[in-house]
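For reference, the structure discussed in these notes is given below.
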Amino acid sequence: MNNIDYQKIFLEITAELEGIDDVGEVASYIPELGKVNPSKLGIHLMTVDKTGYSLGDSNEKFSIQSIAKVLSLTLALKIMGKDMWCRVGVEPSGSAFNSLVQLENEKGIPRNPFINAGAIVVCDILVSCLQNPKVELLDFIRKTSGIDTVKYCPEVADSEKKTGYRNYALTYFMKSFGNIHNDVDVVLDLYFHLCSIEMTCKELTQTFLFLAYAGVNPITNVRVISPERSKRINSVMQMCGFYDEAGEFAFKTGLPGKSGVGGGIIAVHPGQFCIAVWSPKLNVNGNSYKGMKVLEALTSKTQSSIF
Amino acid sequence: MNNIDYQKIFLEITAELEGIDDVGEVASYIPELGKVNPSKLGIHLMTVDKTGYSLGDSNEKFSIQSIAKVLSLTLALKIMGKDMWCRVGVEPSGSAFNSLVQLENEKGIPRNPFINAGAIVVCDILVSCLQNPKVELLDFIRKTSGIDTVKYCPEVADSEKKTGYRNYALTYFMKSFGNIHNDVDVVLDLYFHLCSIEMTCKELTQTFLFLAYAGVNPITNVRVISPERSKRINSVMQMCGFYDEAGEFAFKTGLPGKSGVGGGIIAVHPGQFCIAVWSPKLNVNGNSYKGMKVLEALTSKTQSSIF
Amino acid sequence: MNNIDYQKIFLEITAELEGIDDVGEVASYIPELGKVNPSKLGIHLMTVDKTGYSLGDSNEKFSIQSIAKVLSLTLALKIMGKDMWCRVGVEPSGSAFNSLVQLENEKGIPRNPFINAGAIVVCDILVSCLQNPKVELLDFIRKTSGIDTVKYCPEVADSEKKTGYRNYALTYFMKSFGNIHNDVDVVLDLYFHLCSIEMTCKELTQTFLFLAYAGVNPITNVRVISPERSKRINSVMQMCGFYDEAGEFAFKTGLPGKSGVGGGIIAVHPGQFCIAVWSPKLNVNGNSYKGMKVLEALTSKTQSSIF
Amino acid sequence: MNNIDYQKIFLEITAELEGIDDVGEVASYIPELGKVNPSKLGIHLMTVDKTGYSLGDSNEKFSIQSIAKVLSLTLALKIMGKDMWCRVGVEPSGSAFNSLVQLENEKGIPRNPFINAGAIVVCDILVSCLQNPKVELLDFIRKTSGIDTVKYCPEVADSEKKTGYRNYALTYFMKSFGNIHNDVDVVLDLYFHLCSIEMTCKELTQTFLFLAYAGVNPITNVRVISPERSKRINSVMQMCGFYDEAGEFAFKTGLPGKSGVGGGIIAVHPGQFCIAVWSPKLNVNGNSYKGMKVLEALTSKTQSSIF
């Protein structure tokens, strides 16, 4: 393991960030997200030998939103295996996270499991395979993280449902191509619940540490998924985890990662650590403005890039 | 360093590949490429401690084509630094290597330096910055590789020029947006020469080993570029090196790499090795059909993924 | 009025058509449309002085489908006037009738009231303005045509509803841009009923003769709409009535017209006549294969083009 | 013939227009166009019985630009007949006049002969068929108009050539699809000369009156083209004459017409008249702002729509 004093580095980074104007905007398409204090900043890094480093609001829960899509993907891969890749691709999208254009050109097969359309197809797969999808997915997330208190936030799920017209459009559109097998309302109910999960930065690192440890959560010693699939999930995060800013993130940070519109980001250094950052204001691409900067500074200072 | 018996693994892989029908097609848009023997197969892997492993036609020269774009990018980065990123992006393209659509949507700024448009902008930068671009670029490639005999193939360059209407279209189109500063014919002359370079698999690994060794060629001890930029070049290769199949390559192989329509592929495991594979028949995405399979098998057998 | 012997011309045309292989295909996306006898051929022409000319199955009812969109447009124009044009354009679409791409580029404003998205917006306008939209729309169609027995076909409407995923996608997509004001199910219920109307060729000419007579139905002497708006509806039919084949139809036929996937076409020669043709097999653009040929032959033989 | 007092109507219209702020902008992509006095306004209407009505700067020459594309189309149709329609379509484009996107989707076949790409293909056809294309095309235009002094403006042609990067891009792009048969420079030389022609409003009406008189110029009694083809040219003007504003022009004016970036517009009422308007300031779609308003007012006041 490395012997880097992350705590010191965190302090350096936040000191440097203080001089920077946060030009981002808090997501406000649903009231629940808009109510957050925009100046929150939390960081938690956990190494594979289970040492944790914290800063700021790292123990405060927030809506992890699309970060949860890594978990639904992991479960679908466990259940369905590589057959799932005929339903959703692994290529970066080259367009916005909720674009319908590419779906039209590519006959309803979403480019990857992290754009909205792809995550909805993953939910459709889970609805097909599970008896009680919402319960079983949550159960899987609890086992993966070792945190029994993780739960859906029904207010957020409900609010997404009431305003999620574009997600309905995406889902009906894929259904018109035959790539949604279940009832649209049932599939979206699972999807909206998935995105409503709340965690703290610390909980996020516990949850995703298995991706830094070849598929095993080193805290609980639970094997979440095989080493091969753990690598593949990392590769999909690398290529597709930041929508149309994936190249920028790879370029500047050099780690696989996934962001959410709640302002959270997780990143993984295989064999070394998992880090979670939270800052609610988003850049124009829908990724946390300060969160990106924190991770860029961290990997720059610690030379911790996979490249 | 790792102690893997690559030679043995090469033999296993080629034995396995024998049973597989190579459904690819040799590039034939210029006669010079079409004349190659389609059954050629060469592999060379060189570790950062300068041990080499060879198989098949690894000492036969072939047209490295777009693989050379990594070298023009490296030189442009050395000369112009990060300012060059306002002229070309680092995002995967999500469309074919020679598409004009994205250029129209994005005002003449190519998505990355490896699609044709992006590599042409890099050539335009070199034309602006160098006194004698063709000579100086070749000189840089010779110094990088430590191979004095590397040269352009004028027949290939000339043939590309005579049939490269789409490259002319791309270049004039970017010029209409102000993103080509020099004469179109001069820029494309450099571009066509760049793509005409011939190397063997062994020479390719010598040339690109600096990307596995933090910017220094361990054979010549020449620093080609800084460690930071070496990482960034690897990240751009990871995200954009295989056109619209970059995600697939990351998913299956897990290494940064770059392919060319001559059937060559290089891949880099930072800190460990550089490998070059050559097999002329291309899949539908324009990447070597067998070359992709060799690299997938290799990284699978040796667990050598960056993820 | 002209003194053309249309009856003789009809016979000539159908004789000529007998030698032609009808390469079209009957629409079969809902069972109700697939059940029709594909060899049906009906023609009815009615002049503004109320003389009618018939041939073949001109008194058999069929599903007029999108032809009805001219009637919903007419009613919306009567009610809302030119303000409706901020909700839907008057430009040809240059893409398929149910494409979502253009909607994404143009912020949810459909190009014209005849592509699906545009007709759905027109239905949304009617739902906003009318107390009992289905009843009042049907009432308007009965008054326009002077035919009291015109009615919706509930089986067709129901079948469209069950399979109309792409129309749901279009509607939710526009709602995400704020261009659908009412509940999606209510709007689509009106839309699916509108498209389910059945008429004979003869009834179609009675219904649309007002567009050849400056807004007045010469049979009932009812003013349907003002002369100015009658002209504008004709111009929209000319520009947008045949989806991505509008130019071809203008080029070959030279009359404003509108087609439906039931195989019907109406065309209008302002000041002279309205003609309806029905032949169920459709060309690749979704327009009646033989119907297009009949109209091309007719206008060619009678020199009745507006150009 | 009609007995409308056009002179009186012209005065009414220009009086009404005086209160309107002309928000357009003079084309300035080449210096020659930018030098024009932006407040110029000329109108000339000539009926098929050769009565002329003039207003303002109707005897001042200006650059007719794309209006000339109707003449190259007419000549190509005369020479090559309907076979030319496999090289260029007759559908409205649904996008800007110089877009490359549609060409990529449609394999290098331009949508219609009035967008730049289509007019360039027409020039390519003329280069293939004529011994001395520039001389013979000019000769044809002189015979069509009956005006021996019509000539190219070499300064404008030269200026277009020096800045016409996008036209080079379009042409090379089509050549990459095999839809340009001749040398790009030769084809564009003809194209740039075609667009450089200068005429007065009065000369324009003399030139295009054949489209209102079934293919014969009633002044010279020269048959320019057959009645059928005259109609078809009118239909293509109707559908495609105003780029992405064709529907709007049809909707408001109801006449086939063609505009140019020099601020000129011609419109034809088959059987009645040809009108030319000139006002240099262009709207966002590249059509004369005031010219469109004049024609809308004229057709509204005289009820002269083909619909």
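A, B, C and D label the chains in the order they appear, each numbered from 1.
Criterion: contacts are C-beta pairs under 8 Å (C-beta built on N, C-alpha and C of every residue); 3 or more make two chains touch, one makes a residue touch a chain.
Heads up on the chains, UniProt names are A, B, C, D = Glutaminase.
Predicted model, so just to flag it, every value in this text is computed and none were measured.
> Name the chain whose C-alpha centroid is most distant from the C-alpha centroid of chain D.
Centre of mass proxy via C-alpha means gives A as farthest from chain D.
> Have a look at where chain A meets chain B and say same if over half of the interface residue numbers show up on both copies, different if under half do.
same
> Return the distance between the CA-based centres of chain B and chain D, expressed in whole Å.
48
> Please tell me the distance, in whole Å, between the geometric centres of chain C and chain D computed from their C-alpha atoms.
Distance between chain centres, rounded to whole Å: 32 Å.
> Which integer distance in Å separates the CA centroid of chain B from that of chain C?
From the centre of chain B to the centre of chain C is 55 Å.
> What parts of chain D, by residue number, touch at least two of the other chains?
Expected reply: no residues.
> Check the chains against each other and report every pair that touches.
Pairs satisfying the touch definition: A-B, A-C, B-D, C-D.
> Hey, which residues of chain C end up touching chain D in the complex?
89-95, 102, 111-112, 227-228, 230-232, 234-236, 238-240, 244-248, 250-251, 254, 256, 270, 300, 303, 305-307
> Under the stated contact criterion, what part of chain C meets chain A in this complex?
99-101, 103-104, 165-166, 168-173, 175-176, 184
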